[in-house]
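By written order: A, B and C. Residues from 1 in each chain.
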Amino acid sequence: MADPIIISASPHIHSARTSKKVMYDVLYALIPAFLVSIYVFGIRALILTSVAVISCIVFEYLIQKYLLKTEITITDGSALITGILLAFNLPSNLPIWMIIVGALIAIGVAKLSFGGLGYNIFNPALVGRVFLLVCFPVQMTSWPTAVENNWSLVDAVTGETTLGIIKEGLMYGETMSTISEKIPSAMELLIGITSGSVGEMSALALLLGGVFLIVRKVITWHIPATILVTMAVMTGIFWLVNPEQYASPLIHILSGGAILGAFYMATDLVTSPMTKKGMIIFAIGIAIITVVIRLFGAYPEGISFAILIMNAFVPLINKYFKPRRFGNQIKSKIV
Amino acid sequence: MLKTFPKGGIHPEENKITSSKAIKRMPVPKVVYVPIAQHIGIPAEIIVDRKDKVEIGQVIAKSGGFVSSNIHSPVAGTVTKLDMIVDSSGYKKQCIVIRTDQKNESNFEVPDFPLKKEISMDQKNILQHITDCGIVGLGGATFPSHVKLDLKNDNHVDCLIINGVECEPYLTADHRLMLEKADEIIVGIQILMHALHINEAIIGIENNKKDAIKVLKQAAQSDKRIKVAALQVKYPQGSEKQLIKAIIQREVPKGGLPMDVGVIVHNVGTIFAIYQAVQYDQPLIERVVTVTGKKIENASNFWVKIGTPIKDLVEEVGGLPEGTRKIVNGGPMMGKAIKNTDVPVTKGTSGILVISEDEASRQDPKNCIRCGQCVFVCPMGLEPHLLMNLSEKGMYEKASYEDIMTCIECGSCSYVCPSHRPLLDYIRFGKSIVKKINTTKN
Amino acid sequence: MSDSVLYSVFLLVSLGVIAAIVLYIVSKKFYVYENPLISEVDEILPAANCGGCGSPGCKAFADKLVNTEDISELFCPVGGNDVMKQVSEILGKEVAEKDPTVAVLLCQGGCEVRPKTTIYQGPRTCAISAMVYGGETDCQYGCLGDGDCVAVCDFDAMYMDENTGLPVIDTDKCTSCEACVKACPRDIIEMRPLNKRDLKIFVGCLNQDKAGIAKKACDVACIGCSKCEDICPKDAVIMTDTLAYIDPIACTLCRKCVEVCPTHSIIETNFPPKKVKKPKEEKPKREKVAVVKAKIESVNPKTDA
C-alpha cells in the first residue's frame, strides 16, 4: 500500500539550511585557530578543549534528562560550539577541574536555566569565562608563554599577555616606547607568537575563519567590521593625541580577544540583534565599552565584559530597531 | 545591474523543467465541474437548471454583485446536477456539473484566431466586453479585472505594468504563453492602454526567460510606448508590490493599492484573455496550466478547459509516479496541497505540481535560534518570528500593531528558517483572527 | 555587651518602627473605598476565574453583580443555582435559575471507524489545521483530534483518549463555562441539559454529506435514513436532508431511536443494559398432544390385557 498523501500549508519546499549545518560551519571556521594554538601551546590545548567540549555535552545531557526532563538536544551542535568557544577563552594551563566548573556554569546557568537554545540572553561561553575569572583570578591570569613547536605536556613558563604588559607598564609610569620593546610586534601578533588564551593566538587564523563564516552566510560583516573599525577609530584618536600614553590601533586590534570576540563571540546568533541597524548599534556599544575598559579600567582586556553588557541590551535593541516596513513612509488614501 | 526589489527575497531552485515544452491541447473532458466561486468577491449566481442544454461560452452563472464575475460553460453539453464538490480548499463548494456532448462538433474544434491588430472599440465597449466575458486575474489572485480597471473619475494612472515574471519554481505557463502568443499580448496591451488613456506600459520578465524577453522586445518594436524590463531572478519578484518597486521604484503605501501610486498591474495571461475577449468576443473558458514534477514522465504545459478534473491532467502526463507524497495546486511556494485529484481546474489554477518523498515531508520544528534569517528575507519588512509568537500566544492586537495584515503570504520566512518553524501557518492564522476582530469592530 | 552590638540592635529596631509608622500612615492616607458587598459576594463565588460568566475573573464579576441594578441576566455557570441563590440573598436582587448543562462531543468518528486517508504536517492545533484542509479523513465535519478544547479547559474536565483520538469530557468536572464550545473551529461541542445519572442520548455525527459518501468516510456516520424520526414518539428528532439531530428538551430518553439506527450513529450514555427477552418457544401442536398423552399415560398407564 503506497504511503498516504501529505497535506500541509504552503510553502511546500524548504531551503537546505538547518541549524545543525550552521553550527558545523562555525566548527570548521574555528579549526585553523585551534591548530595554531596546539602548535604553540602543545597537547595541553588539545586536552583543555576536549575536556571543555565533553563536559558541556555531558552536562547538557544530564541536566536535560534528569533535572528538566525535557527533550535531549545534544546533537544539535550548540553544546559542542559552546565548549570550544569556552576553551578558546581560557589559558591553556588551567586546572582541569576549573574547566569543568566553567562548563557547568556555561551550560547549566547561562543556557539551560533560561530555557535552552534560543532563549538565553547572555553568551554562555563568555558567562563561563567571566565566572571563572571572578572566582579564580590568579589561575585565570597566569598565561603560558607561547613557545614555537611546543609538543610537551608541561607548560614551562608563564607570562603576561600583550595587553597585560601594556597596562602594567603604563601604571608604573613607563612610556609606550619602552613598553613596545617588551611586547610582540604586529607581525608576531598576526601570526600568533604571543601569550594569551587558547583562542586568542593567531589573528590570521581567526580572520580566515571569520571570512569563511561571512562567505557561507552564517554571519554578516556588520558586527565584526563595526567592532574593529570603531575600536581602531577610538584608540586611534587617543594614540594620535598622545602616542606615549596609548598603544597604536593596530596593536589594539591584533592583541587580546578583539578578533576572537568580534567574529565568534559577539556574532552568536541567539544573543545578537536581528536587524542590520541593530547589529551596528550593538557593535558600536561593544567597541566603546571595550576601549574604555582597556584604556581606563582595571582589567587589561575588556571585550568579554563588553559583549555581556551589550547582550543585556539586545532585547531593547530588537524592540526599537525594527526593519523598515514596506510602504510605511507614504500615507495611504485608503484607511 | 538588473533591477529588483531592494529588501528581502530568496533564491529557491528554479526547476523550470517544462520551459521548452510547447503548449499542448488537453483532450476535451467527459464531465466538467465548474465552481461558482472562482474569483475574489461574491460568488456568481447560477442561472441554469438541471437537464438544461448549454453551448460553449454560454453564461451559466451571472455576476453576483460589483466585485464578482460571470461564469461561462467551457463545453457544449447538458447540465447534470448542481452539486457541492470538494475544491482545492478541501471543503465542499457549489459547482455546476456539465456532461460534454460527445456528438457536438463545437467541442472538438481547435479554436484558430488569426492575429487581429486593429482596435475598433471605444473605452466603454472594451470595459463592457471585459466584464461580460468573465475575465479575472489569471496570476492566481483571480481578482475580477473589470473592477481593477474601473478607474472612475480619479484617473491619475500613468503606467501599465504587465507581470510576466512567474517567480514560482516549476511553473512555466506564462513563459510559454509569452513565447507563443507574443503579438497577441502586445495587441492586448495596446487595447488596455487605449481604454484607460495610459501612455506607458512596461512588461516585467525575469532574466531566466531570455527567449521570452527577446521575442517580446521584437513584437513591441513598432510601439514605442511599450518597453520590456528584464529583472533579477528572485522570489517573490512577481508579487505586484515588489514588481512595482523594482520596475519604477514606486512603493505602494501600507494598506493601499497600486492605483495609489498611479500604476495598474496585470498578468500576461489576463492580457491574452482580454485580447481574446475584445477582438473575438471569447469568454474565459480555458487557460494554460503547467503539469510538472521531478518524476513526471511527460511533464508539459496544456490548454485546459475550466472545470476539467485534475485527474485527467495527471493521466495525460503518465499518471502519478511511485512515491508521490504531495499534489500541489499551484506553485510550491504559495500553492495549496490537495488530497485527491477529483478537484477541478479553476480560473486561478496555474499549475499542478507532483512532489515525491524526499522533498515533500516537513521536518519537526525546533526552538527559534533568533538567527534573524526570516527578518532578512521578508520582502515587506516584517518580523515573522515575532508575528508567529504573538499569534501563538493570542496577542492579536499587538500582532495587528506589528503590521501582520501587510503580510503577502509569500512563504519566504518558512522556506528559510533553519529550525523548520511553521512561521507562515501561524501568521495566516493570526491574520484571520485580526480580520475577524476588525470586521466585528466595524 | 559591646557598644557596636547595642548600636546595631537600636538602629534596626528604630528602622523597623519607622517603617511600620510610615506604612500605617500611607495605608490610611491612600485608602481606596470599596463597597464591602463586593468582597462578600467574591467570597461565595467559586474563585475559578474561568470567564464563563463573561467577566474577566470572579472579582470583576462580583463588582458587576453589586453595581448592576438588574442581575437576572447574569449567571455563574460554575457555581450554578446554589451560588446564585446565595448572591441573591446577599444583594436582595432577583437572579435567574438555569438548568444545569454539560458539554457533549457530537462526533464519535475515532481512528477505528473513520480511517485517515492523508497525513497532515503542520502545527497541531485545531484552529490552524481546520484552515489548511478538510482534515486527515474523508469527513470534513468531524473532530480533528488536535486538542484545542482540552488545552482550553480550566477545570481539567477534558482529556484526549489515545485509542480513539477524540476528546473525552468528564461530566463530573464540567462546569459549563463553554470555553471548549468557543474553542472548537467546527462547532462540534454542544451544551446539552444535564439529566439525572448523566443519561444522554444524542446523534454522534454532524456529517452533511449524502449517505454513500458519509458512510464511506466513517462507519458510524449518520446517513439521513430518517428511521429515528419515524420511530420517535415525541417528535424529538429534527431531520435535514442528510443529518438527524435530537432535540434534548423534547427527548424523553426512551431509547427507541438507538435500537433502530442502522449505523449505530446515535449514542446513549450511562443507561443500564437492556434486558434481552428470550423469544417465546412455539411448540408445534402435534408435539403438545403427544406430551399431554404421555402425561395421561404416566398417570394412568394403559394396561394391556
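Everything that follows uses one rule, which is that a contact is a pair of C-beta atoms (placed from the backbone, for glycine too) under 8 Å apart; a residue touches a chain by one contact, two chains touch by 3 or more.
Remember, predicted model here, so these are calculated numbers, not experimental data.
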item	value
Geometric centre: closest chain by C-alpha means	B
Between A-C and A-B, the pair with more C-beta contacts	A-B
Geometric centre distance via CA averages, subunit C-subunit B, whole Å	46
Centroid spacing, where centroids are CA-atom means, of subunit A and subunit B in whole angstrom	49
Whole-Å gap between the CA centroids of subunit A and subunit C	57
Per-residue overlap in subunit B, given as positions that touch at least 2 other chains	90, 337-339, 361-362, 422, 425, 428
Residues of subunit A touching at least two other chains	5-9
Where subunit C touches two or more other chains at once, by residue number	117-118, 121-122, 128, 131-133
Complex contact set, residues of subunit B against subunit C	86, 89-92, 337-339, 361-362, 422, 425-426, 428-429, 432
Complex contact set, residues of subunit A against subunit B	2-3, 5-15, 17-19, 21-22, 73, 76, 116-119, 269-271, 273-275, 322-335
Interface residues, subunit C side, partner subunit B - complex	117-118, 121-123, 127-128, 131-135, 140, 209
Subunit C-facing residues of subunit A, complex	4-9
Partner subunit A, residues of subunit B touching it in the complex	7, 10, 12-13, 90, 169, 241, 245, 251-257, 260, 322-328, 330, 332-340, 353, 355, 357, 359-363, 366-373, 375, 378-383, 385, 403, 406, 409, 411, 414-416, 418-420, 422, 424-425, 428
